[in-house]
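Each of the two complexes below includes chain A, the first together with chain B, the second together with chain C.
This part shows the complex of A and B:
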C-alpha cells in the first residue's frame, strides 16, 4: 500500500509533531508515504478571502503534481489543507467557470489537471483503507482505561462530509476504541471551533472557544485530548495557560495529535513521536498507560 | 432594491455582490433564505459580530450589504462551516463570507479595528515569497505591524516553541515560486478581460 503525501506548511513548524508521528505510524503499519514533490501552500482560508480563483488554482497546482507523480491517493494530515484541496476538486467538478479558470492558469505554467485526484484525510486512510483490524493486530501497548477526548475540529468533515458525519463524526472514536482507550464518545464539543487564526487577531474570542472545549473535556474526565489539525492542537495546548489566566481556570490537560497517541499504542518510542516536545508535559500521561 | 441602497458605493457593492454570488456554485440559493436564524445560532462567533449571518442576508435583501462589508462581521468568521452544513436552504454561507471579505479588500473597506485583514495580507505575502507559509515570518510581521504587545505577552510560549524546534527561523522555499506568480498574473489578466 502506498500514498502520496502532502504535509502542509504547519508540518514544518508548529505542527511538526503531526508530520513526524504520521510518518512513524505509517512506517509501523508498513504503508509507504511518498512526499509530494515541490508542494506549495494550499492557500488555506486566507486566499479565499482575497482571490477566489487563485486559491483554487494554487491548490490545484499541488493536485496536478500529485497526478503526474503517481496513481496513488493523496494523503493530507491538516484539516484545513484537506478541506481546501478537496473543495478545489469539488468546485472544479461543479462549476465550469472554476474548471476553466483553474485549467487555464495551470496551463500558463505548463501543467494540467482534470479535477479527479482523490484527496484523502489521514484518518480516513487509517480507518477505512488500512482498517481497524490490521491496526489492532499491531497494537503492542494498549491504551487501557485512558480517558481520551476525540477532538476533530471544524474542517475535519465540514463542509463536505466525504467520509464522516459533518456534525458528529465517529471515525476517531472507533480508532481509539480499537487501541484500547476509554473514548469519550459523548464528547459533544468534538467539532466545535477552536478559533483558528483568530487566536492572533482576536485572542479573547478564540480563548473563550478554547475554554468551552477544555471545560467539556474536563467534565467528561479526559486525561488527554487528541486533535487532527495543527491549528486545533496549537490553540488547545499552547494557549491553555492563557485560558487559565483569562478565566481563572487551572487546566493542564495534555493535547496530542491523534497520530502521536496512536503511535504510542503501536509501540513507537515516545521521542520518535515528539511527545517529549509538547508544551504541556505528557509525563503523567505516559505513566498512566500500562507499558 | 429599497431606497436604502442610494449611495453610489452601496449600489456598486450590491451589484458586484449579487453578480459574484449568482456565479458561485449553488449561489442562487441565497434567494430562498427564510430567515430562520439557524446560521446565527450555530455560529461560534456571532455574539461578537456587528451583524450575524442571518442579518447579513437580511441586509443584502434590504440593499444594505455595504454596511456588512464595512463591519467586523466577516473578519470574525473562522470558516468553521457550521452554518453551511446546517442551513436548511443549502446556502453556502461561509462562501458568502469569503465573497464579502474579497469585496472589503477590493474596495479597501476593511474596518480599522480588525487585525484580520493584515493577517490575511501577510499570509499571502509569505506564500508569494516562499511558496509556503512561513509561520515565524507571518507572526513576526503581524506582531510588528499590529500588536507590539504580543511578543511580550507570548514571549514564554514563543521561547518554548522555539526550544522544542517548532519555530524554525528560515523559510523553506519551493522551486516553483515563479509558477505561483505566473498563476496570479494569468488570473488577474483574465479578470481584467471580463471587466
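This part shows the complex of A and C:
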C-alpha cells in the first residue's frame, strides 16, 4: 500500500508534530508515503474569500503534480488543506467555467490537470483503507481507560461528508475505541469551530469558542483532546493560558494530534511522535497509559 | 385495411406546449401524413370549443380516427374519449399523443422539441388504422366500504358512510381506535378537550349498527377489481375472548409483568402484559401482549393470576391469529402519520440528555390522564422554571424532511399556553424559523400567546447541550441559537426542551400503498390523484384518501378530507355498476392449446381453465390488462385489446419513420 503525501505548510512549522507522527504511524503500519515534489500552499480557506479563481488554480497545481507523480491517492493531513483540495476537484468537475480557467492557468506554466486525482484525509485512509482490524493487530500499548475527547473540527466532514456524517462524524471515535480508549462519544462539540484564523484577528471571539470546547471536554472528564487539524490543535492547546486569563478558568488539558496518540498505542517512542515538545506537558498523560 | 380519415388536433396548452414546440410547423407537417384528413391546432383542446372541434369533424367530415396531441392521457384522455363518443365515434378509436410531459416540459431546445413532437404524433398516426372499436365492460359494484385506520380521519369517514346507510368495515392496527388525537390533551386554537370531542365519536363508531370494527387487525392482501375488492385481514390474537371480556381491567391489575413501556403514553409509563390501552378504548377489551406475557413468551407463568381474576373467564391462551376475507366496493385509506424520530438529529441530544422530550411526550405529560396526572414536571418531579420549544425538528430541513409539517407551529403555541396556564412563573421560549399560523383563528391565537408573555426567538436551534459556561447554566439544558432578529448568538439555559418534531409518513407507507395498488409521493406520503382537484382520491378507482396519510394535516383539515373521501366513496358505491376498461386480455379458444402456463402466471387470478373445452379463459371483470399472459404464451394466443401486436409495431414504425 502506498500513498502520495501532501503535508501542507503548517506541517513544516506549528504542525510539525502532525507530520512527524503521521509518518511514524504509517511506517509502523507498513504503508508508504511519498511526499509531493515542489508542492505549494493550498491557499487555505482565507484566499478563497479574496480571489476565488486564483485559489482554485494554486490548489490545482498540487493536484496536477500529484497526478504526474503517480497513480496513488493523495493523502492530506490538515482539515483545511483537505477541504480546499477536495473542493477544487469538485468545482473543476461541476463547473465548466472553473475547469477552463484552472486548466488555462496550469497550461501557462506547462502543467495539466483533469480534476480526477482522489484526495483523501489521513483518517479516512487509516480507518477505511488500512482498516481497524489491521490497526488492532499492531497495537502494543492499549489506551485502556483513557478518557479521550475526539475533536474533529469544522472542516473535517463539512461540507461534503465524503466518508463520514456531515454533522456528527464518528470515524475517529471508532479508531480510538479500537485502540482501547474510553472515547467520549457524546462529545457534541466535536465539530464546533475552534475559532480558526480569528485567533489572530479577533482573539476574544476565538477564545470564547475554545472555552466552549475545553469546558465540554473537561465536563466529560477528558484526559486528552485529540485533533485532526494543525490550526485546531494550536488554538486548543497553546491558547489555554489565554482562555484561563480571560475567563478565570484553569484548564491544563493535553491536546494531541490523533496520529500522536495513535502512534503511542502502536508502540512508537513518544519522542519520535514529538509528544515531548507539546506546549502542555503530557507527562501525566503518559503516566496514565499502562505501558 | 379500409381507408381511414384521421383527424389530428394539436393543443397549445397555453404556452405549456406552444412555448416550446413550433405548433404551426407540426400541424402543417401532420396534414401531409398518410390517412390524415384534418389537422388543426387549438389553444386549449380540453375547453368546450376544443372538444366541439372533435365532434364537428366527426359529424361533418366523416372522421373515423382521432389523435389529440396534448397532455398525458392520465390527465385528459377521458375528456377526449367522451368528446369522440359524443360525436358518434367509438372512444377507443382515439389516441392521445403526449407532447407536454414527454416533450415540451422536458426538452430545452425548441428545434429538438418540435422534431420530437412530430415523432410522438407520427407514432399515433401510424397506429390508429389498427385500432378497434371496443366497448366498456360493466360490472356490479359491492355497496360496502372499508376504512383502513381508526384515527380521527378514519372515524369521521366511517361515521359519515354508516350514517348514510352504507355498511362499513373499519380495520385498525392497534387494539383501540382513536389514533393520535386520543393522546392529546387540548386542541388548538380553541383549546377544546381533545378526548371530550373525540370519545363520543369513537363510542358512536363502536356501537353503530352499520359498522363492523376489526381492531387489532391488519390488511395483508388486496385482490379483486374495481368495485369488487377482496381484502384479506389478519385479526391478531388478543388471547382474550372479546365476546366475554367486559373491559373491567381486573386482569391488568393482577398481571405480574408490570414494566412494559406503555405505547399510549409513548413509553413514559408502564403497563402490564395484559392491558387496555386507555380507559376510553373502543373496543373496550383487554389484549395480551404475547411478546411480554410469561405464559405466551416463555411457556410458563407460575400463577397465571389473570385467569382467576377474570370473572367472565375470557382469557384464552389457545387463541391464534385469524384470517378473514372482506368484500367491499370502495376503500378509504386513513392510516395517519408517525412522529419524526429526533434521534436522527444528534445535536438536539434527544435520548441522551434528560428532559429533552418530543412533542408527543409533552402531549402526554400535559394530559390529565397522562403519566404525571397532567402536572408539567421534569424527570425529577420538579416543575421546570423555563422551557424551550424547538420548532421544525426534522421538518423544513434538507438533511431530513424538506416539507413543512404544518401543525407544529400551532401545537407549539398550544404547549406554550398550557405551560403558562399550569405554571405562570415559568418562562417559555419558542425558537422558530417562521410562524405559520394559517387556519381559522390561528393568527389570533398567536397574538394571544405573545400577550401571555411567551418569548419568541426567531432562529432554528443549533444545539442542545449540558455543557455549562457559567454558574447559572450549571445543571441545566443550554439551547444555542442564532437570534436572527437581533443578529446575535444566544445561549438559553432551560430545564426542559420540547422538540416539535415533524410528521413523517408511516414507516411502512410504501408497502401498504403497494398492497392496495397505488403509490407514494416523493416525500413518502400517499399520492393523491390530483394535488388540487382530487386530493382525496388515488389513481386506483374506488380507493380514497383521508387525513395525514396523504400529507401532514391538523384535525379540521383531516376531518374535512375525511368528508370528501366519504362523499367520493359514497358516490362510487351508489352506482349499481361500474364500467371497466375494455383494454384487457382475450384468449382465442380455437388457438389455445390448454397448456396452463398463463393460468398460473396471472397475478390477478383472472384466467381460469375450462375443463370441458380444454382451453384457458379470461374472467373479464378480474383482468387488469397487465399483459403478463400476452408475453408468456408460447403460441402467442392471448392478445391484449388496445395493445395488439400490430398496433404496437405500427406505433414503433411511426416513431422511427422520421
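Quick notes on this structure:
Criterion: the second predicted complex is superposed on the first by the 291 of 291 C-alpha atoms of A that agree within 3 Å, B and C clash if a C-alpha of one lies under 4 Å from a C-alpha of the other, contacts with A are read in each partner's own complex, and residues count from 1 in each chain.
Methods note: a residue touches a chain if its C-beta (ideal position, glycine included) is under 8 Å from a C-beta of that chain, and two chains touch if they have at least 3 such contacts.
Since the structure is predicted, the reported quantities are computational estimates derived from the model, not experimental observations.
In the superposed model, A:267 lies in contact with neither chain B nor chain C. In the superposed model, A:167 lies in contact with both chain B and chain C.
Legend: residue contacts after superposition of the two complexes on their common chain; A:290 is shown touching neither chain B nor chain C. Contacts of A:186 after superposition: chain C is touched, whereas chain B is not reached. For chain A, the partner with contacts to more residues, out of chain B and chain C, is B. In the superposition on chain A, contact is made by A:53 with chain B only, not with chain C.
Contact with neither chain B nor chain C is seen for A:145 once the two complexes are overlaid on the shared chain. Contacts of chain A with chain B, set against its contacts with chain C after fitting on chain A, overlap at residues 166-167.
Contact residues of chain A toward chain C in the complex are 166-168, 186, 188-189, 211-212, 215-216, 219.
Chain B makes touch with chain A in their complex at residues 23-25, 44-45, 48, 75-76, 78-82, 84-86, 92, 94, 98-99, 101-102, 105, 114-116, 119-120, 123-124, 127, 131-136, 139, 142, 150, 156-157, 160-161, 164-168, 172, 174-176, 179-180, 182-187, 190-191. Chain A meets chain B in the complex at residues 9-10, 12-17, 38-41, 43-54, 57-58, 61, 91, 94-95, 97-98, 101, 104-106, 108-109, 111, 154-155, 158-159, 161, 166-167, 192-193, 195-198, 200-202, 205, 209, 238-239, 241, 277-279.
Within the complex formed with chain A, the chain C residues making contact are 346-347, 349, 352, 399, 463, 465-469.
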